[in-house]
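Structures follow.
Heads up, the next two complexes both have chain A, just with different partners, chain B and then chain C.
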Partner chain A sequence: MDAIILQILNGLDKGSAYALIALGLTLIFGTLGVVNFAHGALFMIGAFIAVSVQKLLSLSYVTLDETRTDFLGNPVKVETPYVVEWFGPEVGATIIDWSVPIAILFAIPIMALVGYVMERGLIKHFYKRPHADQILVTFGLAIVLQEIIKHYYGANPIQTPAPDALQGSFDFGVLIGFDPNVIIYPYWRMVYFAFAALLIGSVFAFLQFTTFGMVVRAGMADRETVGLLGINIDKRFTFTFAMAAVVAGLAGVMYAPINSPNYHMGMDFLVLSFVVVVVGGMGSLPGAVAAGFLLGILESFASMNEIKSILPGIDQIIIYLVAIIILLARPRGLLGRKGVMEE
Partner chain B sequence: MLGLDRKDFILLLVVFALVVLAPFLLNPFPTNSAMAQFNAGYPDLMQRFVIFGIFAIGFNLLFGLTGYLSFGHAAFLGVGSYSAVWMFKLLSMSVVPAIIASVIASGIFALLIGYISLRRTGIYFSILTLAFAQMSFNLAYSVLTPITNGETGLQITLADPRILGVTATESGSIPVTNLLGAEMRSTYIMDVGTWAFQFNVGYYVCAAIMLLAFYVSVRIFRSPFGLMLRAIKANKTRLNYTGLNIRPYTLAVFVISGMYAGLAGGLMASMDPLAGAERMQWTASGEVVLMTILGGAGTLIGPVLGAGVIKYFENIFSKINSSVLESWFAFMPENMQHAAVYVSEHFVGPGWHLTLGLLFMLVVTFLPGGLVEGGQRLSRLFRRKPQKDAARDSTQSNPAE
Partner chain C sequence: MSNRLTRRGVLRTGAVAGAGLAVPTIFTGSSARAYTNEPTGSSVTLGFNVPQTGPYADEGADELRAFELAVEHLNGGGDGGMMQTFSEKNLKGNGILGKEVKFVTGDTQTKSDAARASAKSMIEKDGAVMISGGSSSGVAVAVQGLCQEAGVIFMAGLTHSNDTTGKDKKANGFRHFFNAYMSAAALAPVLEKMYGADRKAYHLTADYTWGWTQQESIQAATEALGWETVNNVLTPLAQTDFSSYIAPVLNSGADVLVLNHYGGNMVNSLTNAVQFGLRDKQVNGKNFEIVVPLYSELMARGAGENIKGIPGSQNWDWKLENQMGDRYTGTNAFVQSFGEKYGFPPSQAAHTCYAQTLLYADAVERAGSFDPCAVAEALEDFEFDGLGNGPTLYRAADHQCFKDVVVVRGKENPENEFDLVEIVEVTPREQVEYAADHPMFAGGNLGACNSGA
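Let's look at the complex of A and B:
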């Protein structure tokens, strides 16, 4: 029992990332009808915003401390971050420590801008083109973004630690009546899950309870009619694209402490997220979220030693296997609407 | 001639001439000149030209004719490579059984994957093939290590049985791949003045097979079967309504296309007897898609052209570094030179993929027919013939649905 709960918990953080990316993919597909292969790159850009903000906040100037000398007799160089200089040592240290959550504030406008530019500059011209062309051009864009990041940040993963206060682990088992140290779960992963749940919830609430969201949903159902009613649906869809980019970017920002960002993390997640979208049902938002968590949890179950000893290698292929079965048995996906992209 | 009409036959002859004379054509600069870095006439690169040409021709049969975009074609290449290396380990170092085995193995693999994937079309087909390829890649890395040797990659060793050949040469080293005794790696260097032209056995073996593969693809393009495939691309529903089942046709072309990929993989292993799982990764599948689109999907010569261009620039661009750039921009004032070097640095050396990605985006956006369409547009611009459409339709199929 404890092992099962542990695996479910372990699956949640990866599942959250899948769900967030898949949510954005579905939003874009549902509104614009575009298959966006560059969505993983947006996730990666988000993670690198976290890296950059951490670097930026710890920018330092060097002073020589004459009172202390190193073993060669030279004065010791003391690096003082500018934020410490500006806000005093305690506040400054806290700001640096909490740089990943702070990065969210930077990520929202940056990702929105990236999404806006991407949609207006490139995707707009591909509405009427076949899906194959959309896949190809966004695939090219993903390569370009990835290479730009690689050029400036190098090919190696960059450690981006979470705040000290959230570094440790939480003994989850004690809460629900297990022995101590049986079910241990890192704080940051809990934060990630909560954050993802909040983000998903707010996207749904936005679509469900605002007029803007209502128009977007109407546009998803029947774009032409909404246009005929005198609503500039293109503008709203551009906004939706930017929103999807922000969601993917925030997913990336918060994922940076879990997995040190590297330039190809986007591609790694993209393939899986597409599988998630297909399993959940193309164009179904709840489906994408449900399938994201489901596949994340399934993946963590498959990597249990007990299961691996029966079916060696199952942890490597479980997601693809599920996708293949779903596509063949229920082509519209778990929660897909009948008749939508069932071909 | 050979069952081709005049135009196709001339095209075949042109390809034949290009391929046979490649050691001269790709080596236009004297060995010691400053331009020698643009030479591509050395065996390793020429082999890659033709091998990836075969891969792209095969991919084009599927994507160009039927419009099914497979994102997992590298899996077949990988299977071909592995089976070829196993033939070298078990049977002998002759490339003939290796190539045959690689084609058969990848054909069976393609039959299996195609049978399942072709139940769906459009983006679902792409994702299914992608899923299968990633599965094969992951398995080759982990559980199938006894067969694939995991991360290290499958290599030939001195301990291999090689029941029809020799385990080791007389001098005690690992034997090399050969065709009827002619070693793949042996190269004849012809010195003409300051030029050094290299003629490599392996290259000509690959070239001969590539010509054969090209010929077969021309025949498929012009056959009733090819026509059927184009009909599938044009309108599946209408074909269904006429009472035709399209599955056997798509499956057949999927298997043929997989066999081409396997052949390319087998040749790759024949030139350099090792196989690694990274050949199956989806980025490798993406590469062949890039080649085909860049050259021109659905055209005969496009994929070969695309493969050549991408492999050539990959090689040349990767070699250029900032000192080379500085010497190029030396004519500029110093500040401008620094700026120019700084900007262009992103696009060369390790940044070659950036160039590739940009180029690819530009091609997909502005030139969906690839380089072939570009060439046609240019020639039309200069000729300004009134009956332009007649000439265009015969070499280029309709754009994707």
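Let's look at the complex of A and C:
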């Protein structure tokens, strides 16, 4: 029982990341009709914004300590971060410690700009092209973006820790009557799940309760008619693309302390997120979220030893297996609508 | 009009010419040549095949720096590095056999097929007479096989699977780096000292050749101490989040987690294990411990704070001579010239590549020829010293180097980003030696040397 609860919890944070990426993907697909293979790269850029902000806040000036020598026999260079110099040791250290949450403030405008430039500069030229062209150009873009990141940050993962106060783990088992140390769940993963829920809720509320959201939803249903009503739907769709980029970017920023960012992390998530979108139903926002959590949890269960001993290797194929079963039973996905991608 | 071109004639000529062109040049060659890519001019070309893209690109970049430095030293540039401390004095800074050393590079991408393609291109197009480098056992085994077929020497880079000089060993391939068996043999006594003989271990293992042999070796070595192996779970190489594999460890009754992971896998699995509070946990009345049998400085940097106190093993460490004495002479000379040129200390991947280049050059000098079979003979059962690892033997039976193994631990209070691991002890060579027909290395055959003639 404890193992099952633990894997459900595990699946929630993995599912949160899938859901956030898939939400943006399906939003872009639903509004612009574009299959965006560069969406994983946006997640990766978000994580590297966290890395960059951490580096930025740790920017230091160098003084030479003549009393000690380095490995070459030269005086040791002592680095003091500017924030420590400006705000004092305590406040300075706290600012550096909280660099990941602070990165959210930077990530929102940066990701919106990245999304805007990507849509206006490249993707809008491919609206009327076949999906295969869109996939090729966005996949190419993803490779370019990840190689740029690798050039500047290297290929190795870069440790981007959560604030000290949110490190460590929470004994969840004690809360529900288990022995201590049986069901343990890291604080930051709880934060991630809560953050994802809030972000998903905000996107849904925005689309559901604002006029802007209403127009976007109308555009998703029938782009031509909305255009005929004299509404500049293109402008709104650019905004939607930027919004999807921000969602993916924020998912990346907050994911950085869970697994150290590396240039390849976008690709690792991309394929799975596409499966999530297809299982959820192309163009269905609730479907993407539901499928994200469902597949995240199933993936966690599949890596349990009890299951692996019966079906070895199941952890590597579970997502695709479930995708096949769901698509055979419900060809439009869990919550897919008729007419989407069926012309 | 009788010699007019006919459709049939063109097709026939084309087919014959096409078939001729399709035969790889490494298998044709001119009859005048004594062996593959015999250097005839005033220079000789070496091929350095390292991961320039992909997950091990940083290790590849460090290997390439070491190769450039070695070539510079061989050609008489710089301060000569370990050429000054090497026990053999055949290298004079005038190239190899008086020929200037040139090099070409290839990108393995840490993919076997890409690595074979780039090695093949360096041999066929660039005339490389030796191939070296790499940061993966899968790649090393693949490229070693190609070099055997092509008739050139392969001086392996960072490869740690037992199979490279075990079931997949080849007469043209030589490994300076240590292997999984040696890691386990060196680490086990230290683990006993640190954590006692009554422990229950849970293994997470990367699902490929290196992971399997690493796990098999460390399991055998720890069970010989009296440890019990609770479970061994294979994890996909492409896995990024290991939380669902870590969670079952919590209630497995194990009090040690062994991570048979390398590179990004290890950084992520270790980070996840620490996030789940494993290091703060008490099981069976003992502190829960984590062991990473093989790790590098670059991985330690990726793992950050989480690596503190974690035991592991290394082929070499840049602090070896300063901390462990003159036995490891050559270390400081290499660190000095590498540090002067690049501004930071070399990694163990850089060290093994630099050493392999000097060892190859010296073997050619002693053999008096670039003929791979003569070079192989010069390297077999070659005893040397002064390359940073202490007295070392290149065993003829399997082309594996035998030398001391460094047992390390993540440093609690590092002074800078290059000071992340501390040396716990150095295990003498005698303790990590094994018979050439040891079961973990069985099944392979060196075969005969191939010079491509």
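One rule holds for everything that comes next: the second predicted complex is superposed on the first by the 325 of 343 C-alpha atoms of A that agree within 3 Å, B and C clash if a C-alpha of one lies under 4 Å from a C-alpha of the other, contacts with A are read in each partner's own complex, and residues count from 1 in each chain.
Methods note: contacts are C-beta pairs under 8 Å (C-beta built on N, C-alpha and C of every residue); 3 or more make two chains touch, one makes a residue touch a chain.
What you see is a predicted model, and the numbers here were worked out from it, not measured in a lab.
Contact with both chain B and chain C is seen for A:Gln316 once the two complexes are overlaid on the shared chain. In the superposition on chain A, contact of A:Gly154 is made with chain C only, not with chain B. Residue contacts after overlaying the shared chain place A:Asp97 against neither chain B nor chain C.
In the superposition on chain A, no contact is made by A:Glu119 with either chain B or chain C.
In the superposed model, A:Met304 makes contact with chain C only, not with chain B.
Contacts of A:Ile184 after superposition: chain C is touched, whereas chain B is not reached. Once chain A of one complex is fitted onto chain A of the other, the partner contacts of A:Val35 are limited to chain B, with no touch recorded for chain C.
Residues 147, 150, 316 of chain A touch chain B in one complex and chain C in the other. Interface residues of chain C facing chain A in the complex, by the touch rule stated above, are 53-58, 231, 233, 236, 238, 240-241, 243-245, 247-248, 250-251, 263-264, 267-268, 271-272, 275-277, 280-282, 298-299, 301-306, 318-319, 335-336, 339-340, 345, 415-416, 418. Those residues of chain B whose C-beta lies close enough to touch chain A in the complex are 67, 69, 116, 119-124, 126-128, 130-132, 134-135, 138-139, 141-144, 282-283, 286, 289, 293, 346, 350-351, 353-354, 356-358, 360-361, 364-365, 368, 400-401.
Within the complex formed with chain C, the chain A residues making contact are 2-3, 6-7, 10-11, 13-14, 70-72, 76, 147, 150, 154-159, 161, 167-169, 181-186, 188-189, 258-260, 262, 264-265, 268, 299-300, 303-305, 308, 315-316. If you check the complex, the residues on chain A that touch chain B are 35, 122, 125, 130-133, 135-137, 139-144, 146-148, 150-151, 267, 271, 274-275, 278, 282, 312-313, 316-317, 320-321, 323-324, 327-328, 331, 341, 343.
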